[in-house]
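In what comes next, chain A is part of two complexes: it sits with chain B in the first one and with chain C in the second one.
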Partner chain A sequence: MVIPIPKIEVQDLNVYFEKNHALKNVDINIEEKEITAIIGPSGCGKSTFIRCVNRMNDLVLGCTVKGSVTVDGKDIYGKGVDAVEVRKRIGMVFQRPNPFPKSIFENIAYAPRLHGFVDEEGKHHSYNKQQLKEVVEWSLKRAALWEEVSDRLDKSAYNLSGGQQQRLCIARALAIKPEIILFDEPCSALDPIATAKIEDLLIDLKKDYTVLIVTHNMQQAARVADRTAYFYLGELIEFGETKQIFERPEKDLTEQYITGRMG
Partner chain B sequence: MNRNDKQTIIFGLLGACMVIVVLTLIIILGSIIVNGIPMLSWDFLTRSPEIDDTGAQTEGGIWGPLVGTFYLMMLVLGFAIPVGVLGTIFLVEYLGKYSWNRILWIVINNLAGVPSIVYGLLGVALFVGYLEFGLSLIAAGLTLGLMVLPVTMVATREALEAVPQSLRDASIALGATRWQTMRHHTIPYSMSGVLTGIILSMSRAAGETAPILVTGVVASAAIPNSLTDSFQAMPYYIYILVTQTANVDRAYAVAWGAALVLVGLVVGMNLVAIVIRKRYRKKYKW
Partner chain C sequence: MATRLQFAHEMEELSKEVEEMGELARLAIEKAVKLIVTGDYYLKDEVRKLDKELYRNELMIERHCTDIIALYTPVASDLRRVSVSWKIIEDLSRIGRYAWDIAEIAEVFDGQKFKKLVSLPQMASQVVGMVPDSVDYYTTGNAVEARKLFDRDDEIDELYDTIFREMLTYMFEDPKKITIGIHYILIARYLERVADHACNIGERVVYMATGDRWDPADRKRKIPASKNGVEEYQREVAKSRKEPTRPTDVGDYHQHELAEK
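== the complex of A and B ==
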């Protein structure tokens, strides 16, 4: 029997902001093509954790990351690893939709134009106009937004509704052809209908991508996630299959949170 | 006294203040326009000041001072503004999170309020004396540059900080470098504010008298041929005219004409700034 290698392997991860110990000895394995939800009360380190996976914390002054985060067998915090290269392969979607103040097309095309692509022989190319159009169309289709915007790609992204903007941001992340996508409370600024659409999309994306989602909304975790991790005060308290976490939590702290007695 | 009466009294007071403010503006602009317009002619704009038979420099036009002021503005645009804008971009975008940065900006904000003659003094000591430029166009231009540097920097910083952090995050998360993020996003998005600051700085440089008074402006100077020549300038020429003792009527008339042109120049630049700002606002809206 082949033991599958986890897509992301986090070992003994510690994060400090100045003297504040934000994450403590976190060990967790994220499986490929699953949705893993990170839940926990405010300030528990959920966002800090997810931002370690694409090295977004590097930009925070006074932030120190210790331990290892291994993606596809390679430590992204290892010596000589370029954080920019790491981010090229991992998509991220933020709390509030943050499209660039440009057209819908330009929003999606930005990263592909920046990075180009690598063909099967490992040669690096720039996208030509036609290929760029194809990438934009593919990304928008994959993010379930194409039919709503195909006739106005040249219009400002800010004319879209909040939910559409968030799907645009998902499409923009897909356009870099990542294997992992990080969602940092993607629905916290959206209404229930827009939230439902994003959740459907998440479940659909799971077929092709490894998804990590931070959420405040426990029902959301229960609805979409295969596995759920509960963080409290910077520690990973419990991690397991979503069903088990919600129905038979092993730790008291988890149960208190799940049942609404805390947080 | 019930609350409606109170409101009536307060509104009356506010209204009176408003009338004073608006009237002041109308009087200032009105008197410049009314007194200045009779002087305007092609000759007035294209002839340099000449001396009449009493020895007063009230004949001719304002060409020499106009050229001098234009040169000064170009020097400010060429030296101080690029350094100020680019330096501020680095300070804000790369070093903005350090705590010493905040102290630095308190200093810069205060420098923006330092009286212009103090910059004049500095210019005399540094450019005229120490660097041996003498009383010259370059010394005056650099002095004005020093003076507007804080203004440029504060405007640039405000423009950069108006760009939401979430847009920088978006770009970084897509695998752009910090420089790419600045070049493709932060700088273009903040351009309207930066350009407004640049034009504001240039119009301040155009209007200042004290710093150039001590660094190289000369009433009878020829059109400068090199950076080390002395020069004439609009605000200084107005000063000369107003302090003239002979042929006072003519001197005041010319001064109003020169004032109208100078104010027109500054207002014109501000209009350009408004147009640019509107265009960029339309292009990059969030």
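== the complex of A and C ==
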């Protein structure tokens, strides 16, 4: 039997915001091409955890990260590792849609134009106009938005609805061909139909990407995730298959949270 | 502080409803047995009413379960309690139906009875005890006692075999008694089925309380504690699955069964 190597391996992760110990000794392995949901009450460290995976916490003053986070066996906090390079491989989508104040096309084309691409021989190239168009079309199609916006790519992204803006942000994240995508409560500002579209999209994205999603909506975790991790007061309480977590959680704390007895 | 007060209230109500239905099922089977023993035919109407009441309760609780799922999306132990409630009301309703079947037979007796019956009253009292117990284990979530229902069911099965032999003896002695003998066997059969339904409830309670889908058949297999023993156990299970099925020639089968009895 081949034991799969986890895509993301987190060992003994501790995060401090000055004196506040936000994450305590977190050990977790995230498998490749699966959706892993992170649930837990407010302030339990869900977002802090997910932000450690692409070094977003580096930007927070007074934040100290201890322990190791490895992606494909390489420590992303290692010496000489460029945080920007890490974030190119690990895309992120936030709670509120945050398109740039530019056209739909420019929103997607911005990062590819900036970063260019690396060919099979390892050479770095810039995108030409035609290639950029292709990347934009591919990204929008992959984010299930192409049909809705293909005739108005030059219009401002702000004209889109909330759900469309969120899918635009997903398309934007996909444009630089990441391997992992982090979602920090991607549906909390959306209505149920837009939410359902994003959920369908997440399941579709799983074929090609490793997905980590923080959600306050437990039913959403139950619907989309293969595995679910429950955090409480900065600790990883339970991590297991979603069905097991929602049908027979092993820990009392998990049970209390998901059944709504904790509040 | 506990949250979701309305939901907690609904769950409490559901448990109470199932408990009450369990009480009705106990009364039904108890009265049916009493009817056989005493021949008080007014009891038959009561059993009929209880049977109907049980059916009405089943529909009502089923609706309540659907409502809870639709409105509160229960998970974990709550989800297990709702799904188990939904399942066991069917068993309780079936128990009511068997009580009615027994009550109907009582009329056929019309005063004729075998004088010395040892096993049937014993079986009846044991079965009547299993029904409220199974519902108690549901209410308290007692998986340990729920598992033991299966041991009690083994005793019931043995008693059923004894009654079967006992009746055959009577019927051989006096062929005029064949009708009544067969009716007695039917009663024993119905009681045995009631015990099975109590066991079904027990099996569900184990799932409800532990989250494990426990297979009652495991109880008879020896599960060695040692690590090496696990393979042995798996082999045993695999072997038991491969065992050839019994020949299905119906005529031979019955002869064989009768000879055995």
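Keep in mind that, in the parts below, the second predicted complex is superposed on the first by the 262 of 263 C-alpha atoms of A that agree within 3 Å, B and C clash if a C-alpha of one lies under 4 Å from a C-alpha of the other, contacts with A are read in each partner's own complex, and residues count from 1 in each chain.
Just so it is clear, contacts are C-beta pairs under 8 Å (C-beta built on N, C-alpha and C of every residue); 3 or more make two chains touch, one makes a residue touch a chain.
Fair warning: this is a prediction, and the values are worked out from it, not measured in the lab.
Chemist: After lining up the shared chain so the two structures overlap, which partner does A:124 touch, if you call chain B first and chain C second: first, second, both or neither?
Modeler: The answer is neither, since A:124 touches no partner chain.
Chemist: Could you tell me if A:111 is touching chain B, chain C, both of them or neither one (first, second, both, neither)?
Modeler: First partner only.
Chemist: Of the two partner chains, chain B (first) and chain C (second), which one does A:85 touch, if any: first, second, both, or neither?
Modeler: So A:85 only meets chain B here.
Chemist: For the three-chain arrangement built by superposition, which of chain B and chain C touches the greater number of chain A residues?
Modeler: The partner with more contacted residues on chain A is B.
Chemist: Let me test your reading of the model: by the given contact rule, A:249 touches which partner, first (chain B), second (chain C), both or neither?
Modeler: After superposing on A, A:249 lies in contact with chain C but is clear of chain B.
Chemist: Name the contact category of A:100: first (chain B only), second (chain C only), both, or neither.
Modeler: first
Chemist: Would you sort A:259 into first (chain B), second (chain C), both or neither based on which partner it touches?
Modeler: The answer is second: A:259 touches chain C but not chain B.
Chemist: In the superposed arrangement, does A:169 touch chain B (first), chain C (second), both or neither?
Modeler: first
Chemist: Which residues form the common part of the chain A surface touched by chain B and by chain C?
Modeler: Dual-contact residues (chain A): none.
Chemist: In the complex of these two chains, what residues of chain B are touching chain A?
Modeler: Against chain A, the touching part of chain B is residues 97-98, 164, 166-167, 169-177, 180, 184-185, 189, 283-286.
Chemist: Enumerate the contact residues on chain C facing chain A in the complex.
Modeler: 1-4, 7, 73-80, 210-212
Chemist: Taking the complex as given, what residues does chain A use to touch chain C?
Modeler: Touch residues, chain A against chain C: 218-219, 222, 246-249, 254-255, 258-263.
Chemist: What part of chain A is in contact with chain B in the complex they form?
Modeler: 54, 56, 59-61, 84-85, 87-89, 91-92, 94, 96, 98-102, 110-111, 114-115, 156, 158, 169, 172-173, 176
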